[in-house]
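In what comes next, chain A is part of two complexes: it sits with chain B in the first one and with chain C in the second one.
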Partner chain A sequence: MNFWQRTLAILHKDLMAEWRTKERLSPMAFFSLLVLLVFNFSFELGGAALHEIGPGVLWSSFVFASLLGLSRSFADERENHSLDALLMAPGDRSAIYLGKMLGNLIFLLAVELICLPFFTLFFNLSPGWFLLPLLGVFFLGSACLSAAGTLFAAMSSNMRLRELLLPLLMLPMILPALISCVEATGLVLDHEWGESLYPHLKMLAVYAIVFIALSLMLFEYAVEE
Partner chain B sequence: MLIDDIVLEKASKNFASFVALRAVDLCVQRGQFTLLAGANGAGKSTLLRLAAGVSRPNSGRVLIAGEDPQRNSKARAAIGLLSHHTLLYDDLSAEENLSFFAQLYGLADATQRVEGALQEVGLLEHRRRRLRGFSRGMRQRLALARATLHQPAVLLLDEPFTGLDQPACAALSQRLLQVKERGQTCMMVTHRVGEAAALADRLVVLRRGRICHDQQWQGSSQELVDTCAPFLGAIH
Partner chain C sequence: MKNLSNASKVLSTLVFVSMLAALGFVFLYAPMEKEMGDTQRIFYFHVPAAISAFICFFLVFLGSVQYLRTRETRWDRLALCSAELGVMFGLIVLITGPLWAKPIWGVYWRWEPRLTSMLITFTIYVAYLMIRTHGTRSGQAPRLAAVLGIVAFANVPLVYYSVDLWAAEQQLHPPRNVGLAPEMRYTLWICYAAYALLLVQLLLRRLDLARIEEAVERLRQRRDELADY
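Coming up: the complex of A and B.
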């Protein structure tokens, strides 16, 4: 069995377990929608405010939702110590990271797609083709959050204060990517998806690739006790 | 020629300032059933985790069938681990759990193997049930099926009798006897040494991270308990 087959086997297992329990997706989506709703009532989010705080509100809700999901991503492995069985299986152990990371990416993208219609509704956006580049920003931003978050979730999964440690480890590390996500989303909402958007997308793609490559190398050491 | 399946050479393991294992040397020959006894905190489970390749020694080395399980994935494929934790997923069915591990081990005839393993542990009729609804005994039987699904040359057992009632213990002992008769190398950690008398060919006792007693074993359950008693204090 090659690396990709192992990765897909782990991804399939995670998706199947989530399909049955909805333990991650439901709280993540609920939390994100709640944040959007609260901000909608706190500010007049149409018009000028949309461009001022809209992207920040949106990405804040995604980041905190991702923390909820990431903190659960190794819970199944912890419950019956099944991470030991994964580590004992033959083949490259970084396939465990990639399978988990792809699972987290899918859950986060699903939450973003659920939230997008509500965001357009709350922020008085008229749906249109301009939302397509926004999906690109969502994808790259989610890849950054999942790449970094999965590694830190693995590192903190065996620790007593894991719920506290995960955000403390992850938030400072994702800050550069998060700033680019907010900037890029603001540009898309301003219908500026030319020259000014490209550097942010490039930055997100480089961040995701670098973090995935680093995590593939470090994962084996990160999960050791 | 006798072949050593499990070799620990001056293997040490620390957890911060706590030294769990101190330069342990141990060779377990192919086909041997070794009982690893010791009081709580003696380093038994740590030794087993090193042998399983789940944990890495701070110094010294561990070899399974001549290879380092940390570096050589084929060496890992030769190991099966049965612990008091099932290492299974509660939200998957019995069949899905075994199929997942069959995939990870790249077993060619996965469907037949899974079916055979479920049949062997008497869980074929519960194949589609999720683990969450299983009793402790059923879980442990499925865990044994998982640990032996890829027919490992080396089977490591960490307190496999924990939480099982007497009939379930007897059934598990019976299954382990079959494993032994197939010539698989086994190393078992247990506090319930009496249960292991019929299985063990060798007794190794650990105390404070060091081997303090090592002998070939052939005797009754009571003799085994009596032999271990001075090293362990009050035992089952």
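Coming up: the complex of A and C.
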């Protein structure tokens, strides 16, 4: 099997396991909605709040949901002692990273697409074609979160206090991507796309590429026994 | 060991003398700044501390890369000790910055790009230290920390770039290439030298301490092994 076949095999396994159990996607999506609800009582969503805090609220809920999903992504492997088997498989271990990362990307995108209608509902935002560029922002933003998150999830999976440490590791590191996600989302909600949106999308793309490249190089060391 | 402690004494003396000289230059020699008055003098501590912090963060990166390549403990020790010092110098920057800002900007804190970037960078390295102290079982700490040390350093330019995008129009920091009066420039160079000496001395002392800690740990393990028999 070459590198891509192994990557796709891991991805296929993760998607299949999720399809059968649904133990990650539904808690993530529900958690994301609960975060929106909590924010509603902290800030009174809707109306003018949409442009003030809307993008921040939306991305906070995505980030918290992604933390939840990421911590499971290696926890299952550890609980079933299947990570050892994956690591013993011949060939480049970075395929494990890439497969898992693509899986996390797909789960996160699914959560975002589930939450978006509720977000528009809670904020009284009338949906329209102007929201289309959000798909690009969601894709790049989720790529950033899962690129960095999968590496940190792998690292924290054999640490002490892992559930506690994953957010500590991840939140400061993803701040640069989060800033651009929030800014870009705000621009789209203000019907401003094009010139002003482009630098943020570029920033997200650079962040995702840098983290994927670094993780492919470093994953080997992060999971070594 | 005898020679080492002599060298260390010499270095301590040098740090003491250069710090006194720096204080003398900052408060007695450097001219009063026209607009900011005495408040501006904090700049002579703020800027060298910021540069020292980034030197430390680079040393964390260097130690981490070298550790993964060679697996020699001394590189891991360098990364750990530099991270601690980097966080300390970062704290000096984050404390002196607001002290300067209160009279000049009217508030202690503004979400201004370079302040924000420094704060994010600082939190990344605090997280690094937390992971090292709380997260890892013995044996795996150096390896995981090395991965983190590399990722953290690669993240620094991204932090600066994204924060600039976010709040470029709020740039309130005095520009980097501002023309300094010659007396101010000399004072700044003396402060750089004093901070560089301080950095070297603290790093060497901390590395010694780390070696002693490791030796104690080895002895403790040995004792436990013997107690098992």
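Keep this in mind: the second predicted complex is superposed on the first by the 219 of 225 C-alpha atoms of A that agree within 3 Å, B and C clash if a C-alpha of one lies under 4 Å from a C-alpha of the other, contacts with A are read in each partner's own complex, and residues count from 1 in each chain.
Everything below uses one rule, namely that contacts are C-beta pairs under 8 Å (C-beta built on N, C-alpha and C of every residue); 3 or more make two chains touch, one makes a residue touch a chain.
Quantities reported herein were computed from a predicted structural model and do not represent experimental measurements.
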- Message: Per the contact definition in the header, classify A:W129: touching chain B only (first), chain C only (second), both, or neither.
- Response: neither
- Message: Looking only at contacts as defined up top, I'd like to know whether chain B or chain C touches more of chain A.
- Response: C
- Task: Could you tell me if A:A17 is touching chain B, chain C, both of them or neither one (first, second, both, neither)?
- Result: first
- Query: Looking at the overlay, what does A:L161 touch: chain B (first), chain C (second), both, or neither?
  - Reply: second
- Query: Which of the two partners, first being chain B and second being chain C, lies in contact with A:F41: first, second, both, or neither?
  - Reply: neither
- Query: So, does A:A89 touch the first partner chain B, the second partner chain C, both, or neither?
  - Reply: first
- Message: Quick check on my understanding: which residues of chain A belong to both its chain B contact set and its chain C contact set?
- Response: 224
- Please name which positions on chain A make contact with chain C in the complex. 148, 151, 155-156, 158-162, 165, 168-169, 172-173, 175-177, 179-180, 183, 199-200, 203, 206-207, 210-211, 214, 218, 221-222, 224
- Message: Which stretch or stretches of chain B touch chain A in the complex?
- Response: 15, 49, 52-56, 69, 73-74, 76-77, 79, 81, 83, 85-92, 96, 100-101, 103-106, 130, 146
- Item | Sites on chain C touched by chain A in the complex | 68, 120, 123-124, 126-127, 130-131, 134-137, 140, 143-144, 146-148, 150-152, 154-155, 158-159, 161-163, 165-166
- chain A residues touching chain B in their complex are 1, 5-6, 9, 13, 16-17, 20-21, 76, 79-82, 84-92, 224-225
